[in-house]
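Common to both upcoming complexes is subunit A, partnered first by subunit B, then by subunit C.
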Partner chain A sequence: MKVNVESLPFDKMFEAIEVRLGAKEDSIDILLVDAPMVANYTAKGYLADLYSYVGEKSKGNITETSLGAGTIDGKLMALPLNSSTVNLYYNKEIFKEKGIEVPPENVDERWTWEKVVDVAKKLTYEKDGRQIYGLCFEQIGRPYQLLPLAQSLGAEEFVNKDGSKTEGYTNSEEMVKACQFYYDTFNTWNISPRISADDAVSYFTGGQVAMFIGGPWQIPSMTEAGMDFGIAPHPYFEGGEVVTPTGSWYVGVSNYSKNKEEAAKFVEFITTNDDACQMNYDIGKNLPCNIHVLEAIDNDSAYESFPDNSMKLAVYESINTAKARPQMAGYAEWQSVMEKTYSDIMNGSNPKEALDLAVAEIDKQLEKYKK
Partner chain B sequence: MRWKRMAAPLLFLTPAMLGIIVFKMVPILQGVIDSFFQYSFINQKTYFSGFQNYIDALTDPIFLNSIKVTMIFNIIVNPLQVLISFGLGLLLMIRIKGQTTFRTIHLIPITVSFTVACILWGVLMNPEQGLLNSVLNLFGIPNQQFLFDKAQALPSVIGIATWKGVGYWALFFISGLEEIPSQLYEAAAIDGSGPWNTLIHITIPQMKRTVLFVVVSDTISNFLLFVPAYILTNGGPEGSTDFMMFEIFKNAYTYSNVNLASSMIVLLLVIMLAVVGIESMLLGGRDE
Partner chain C sequence: MKKLLSILLCICLTAGLTACRKNNEDIQEAGNSVELNFLVMPDIEKVSDVFKEYEKKIQL
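For the complex of A and B:
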């Protein structure tokens, strides 16, 4: 069996899928599906049901929650390539230079956002004509890393039960407060650089950012840059709940593929086979969904030492604090409008007004999924 | 006899006409048809929906804003580009030493793809560490946000589009200027006409057809502008650079609503035809 791989930048991939599967093209057999997009592609009929192709034993190889997120109305629409988590990374040199204590490793002593901002203000300064920033999100403007801000403040839902209305949910009081915080990091406290998500990691590895909210998949580039970094648990709002992002890439088979059976076999192999999952972990350092790989991490003493110990933290967060993004047929529309809204807020739009406009636009787009 | 006379032109026209029919007329017709239907994801079927898509488009504040942005952009950018490229064309006609070098330099923006140009301008205009801000700092001006500021984004895009466009349109002006018979200038010189008078009374009237062509083509290309919004601004901040083409693209390929996007395309076509019609009326007239 020969597999041809096509790679595309993050934003462009969603578009390519929309263009090609929207035209019912059969040139794609297998596609990567972002966890919350499973429902969207299912509603549009892009994905084939894998239930009959995938063996029971294989299904038992992955965690139940990850299998559940790929299942819609009893149909298995996609299988998880991996899961994900987010931590607080920091540049030890910058902390040392300013004589500030680094954030603790212990999950029970994790910093609050208030503390992070307080420290970030001290770590925002000019050095040799270069601006150093206290804080930066890896995925600037993307809900994946920004929703936990609102969730930590108590936001539960971002859309109503049947997925048809976001008014009152996505612009809830908690969401406005969270977006005000996001706004302040750029516009009030000036502790974060106004850049695009694509540039964020190089700001951190280049020594221009003291604290970086990012995923373990960035560890290889941090190590490669030769920087002295540390890992701490994800922050939360004082008096609020600890919430961390989760969910990652799923793999599905196109409904228009001519090789569904072979494609399903391949998807089954890369997502559930123990060796394939171990290899996937070794390369990408993403939180696995495969039970045996997770057990190996838990038992292996090699994961006690830095930076692989981040995986222990990842496993802890995924069990105790992780919350998924909203499940809705209109997630594609929701995400697109929200990215635009977060970007406007970064550039100085009033958070409440921006969110009110966003829900109006989203709700209009959701109408087409109504029965 | 008549048939024989017609044969040659018909033969020459056929390939071009076939191209226009297959690649322009058929898709336009398809778009018009699509705009009266609506695909339902739930039933996986297409329904006739009459003018509903047009009503949806024209009551959508986001789309209305994109019409406004596109109109403002065009009202500014078209005269600007035509004037600058005409001036550039005149300058490039002057016979001085090194003119070939200038002519080559002015071609550079044309040869760079708009996508690549936008990425380069994005780097230059970066609010954090862009070259443009470094230059401004030299004169004591603080960092500007450019594409990240809702007041500066559209002017910035106008600047980029103009930089990209003027060299190309100047090419047409140069070829138009070269076609003006030199006897006219000689006669004017003998009559004692100065450079300004010559420009007003000889060059400009002689250039009428070129000007019309450039104005119309430039308008069309600017109405269809898409790349800067797609590459640089994502239509923002606050929809300030949300051009119609970008909004239509989003409706089709992000919001998966091809039928609604088709109705928007038809509306864009109607607006464009109207604007181009007015331009032709004002500039064309009869040959004197």
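For the complex of A and C:
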């Protein structure tokens, strides 16, 4: 048995999957799958069902949310290699300068979005000719970090059950409210900078943002910049549910592989075996999906001190508050339209009108997936 | 007669063991000969030591 690793840059990897599996080539046995693309690749027939190859004990090693995101219509189409979460980061110097108490670390005392906005207004000011902003999302305009706003307000689904219609779901009352909040941060309260997602982290590390909604993968950038920062739990809406983003990389077996069983056993090992998952975490430091590795981190006192305590927070959120992005065959189309819609809202479009236009466009594009 | 039966039994056992060993070798050879192609991106390539652990486990 030999595993040949073919490594391609992010965009090229997606292209290779489309070109080679679209042509039913057997040159790929195993592939990486971005969480919300599991349904898309399943609809295109790219993935083999792993259910019969993977043991029940192995399935039980994985968090329910992560396993669920790889399951389509009861079929196990991919297994999770790692997961992700998002926290509230803050610039201690800005808080100190304005004499404002920093957000608490304790998950039971996490700030509401209402509190975040209240504080962000106080932390939006001009200093030495530079505009300081109170709040900034790392992934400006991207559903991964913005959907929890609507989910905290009660949104459950963003598409109907068979994945063919978003009218009434993606433009639900909760989505409109969430997008109104997003609109207000830029256009009413003026607490967030109108910048691209690519520039967000440098605004925070450069001292132009007081509070930053971002992933732990940005901690090295913050540390390298020498900034004095703190970590707090992700906010939620008052009276609403605490919801945090999740989802990362899955591993699937190509439907065109000539070695499906061997490939499935390999995927089972690297994604569910306790030792393999521990080794994966030790090397990559990505949030694991393996319950036993998550528990080991949670019980390890080495993770009590800053900034490694962010991993403990990540574990808590992963187990207790994480919600996956929608599963639908047309996720790629849905995401593309939603990114444009979030951008329009940031730039001043009426949230309800923008969402109504979005669902009309998405539903037209979803026609091709109707069975 | 007893001696003949013993010789026959011995021949049968040897043949059986040889066939069994050959079968095991064939299975192992087939298992060893499987090559899996895994398409990844650089962030995941860095955990490829985990993949090697599986290769080792399968060889045992």
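By our rule, the second predicted complex is superposed on the first by the 267 of 371 C-alpha atoms of A that agree within 3 Å, B and C clash if a C-alpha of one lies under 4 Å from a C-alpha of the other, contacts with A are read in each partner's own complex, and residues count from 1 in each chain.
Note that a contact is a pair of C-beta atoms (placed from the backbone, for glycine too) under 8 Å apart; a residue touches a chain by one contact, two chains touch by 3 or more.
The shown structure was predicted, so the numbers you read here are calculated from the model rather than taken from an experiment.
Visitor: If you stack the two complexes on chain A, which partner ends up touching A:G45: first (subunit B), second (subunit C), both, or neither?
Guide: Touch status of A:G45: first partner only.
Visitor: Check whether A:F269 is in contact with subunit B, with subunit C, with both or with neither, and answer first, second, both or neither.
Guide: Only subunit C; A:F269 stays clear of subunit B.
Visitor: Based on the superposed arrangement, let me know which partner A:E361 touches: subunit B (first), subunit C (second), both, or neither?
Guide: Once the two structures are laid over each other on A, A:E361 reaches subunit B alone.
Visitor: Regarding the shared-chain residue A:L31, is it in contact with subunit B (first), subunit C (second), both, or neither?
Guide: second
Visitor: Taking the superposition on A as described, I'd like to know which of subunit B and subunit C A:M1 touches: first, second, both or neither.
Guide: A:M1 sits against subunit C, while subunit B stays out of touch.
Visitor: Who does A:P9 touch here: subunit B (first), subunit C (second), both, or neither?
Guide: Only subunit C; A:P9 stays clear of subunit B.
Visitor: So, A:S336: does it touch subunit B (first), subunit C (second), both, or neither?
Guide: first
Visitor: Show which residues of subunit A lie in contact with subunit B when the two form their complex.
Guide: The contact residues of subunit A facing subunit B are 14-15, 18-19, 22, 43-45, 131, 193-195, 329, 332-333, 336, 339-340, 343-344, 346-349, 354, 360-361, 364-365, 368-371.
Visitor: Show which residues of subunit C lie in contact with subunit A when the two form their complex.
Guide: The touching residues are 31-32, 34-55, 57-59.
Visitor: Taking the complex as given, what residues does subunit A use to touch subunit C?
Guide: Spelled out, the residues of subunit A in touch with subunit C are 1-10, 13, 16-17, 27-32, 81, 249, 257, 259, 262-263, 266, 269-270, 275-276, 279-280, 283-284.
Visitor: Please name which positions on subunit B make contact with subunit A in the complex.
Guide: 40-42, 44, 60-62, 127-128, 145, 148-150, 234-238, 250, 253-258
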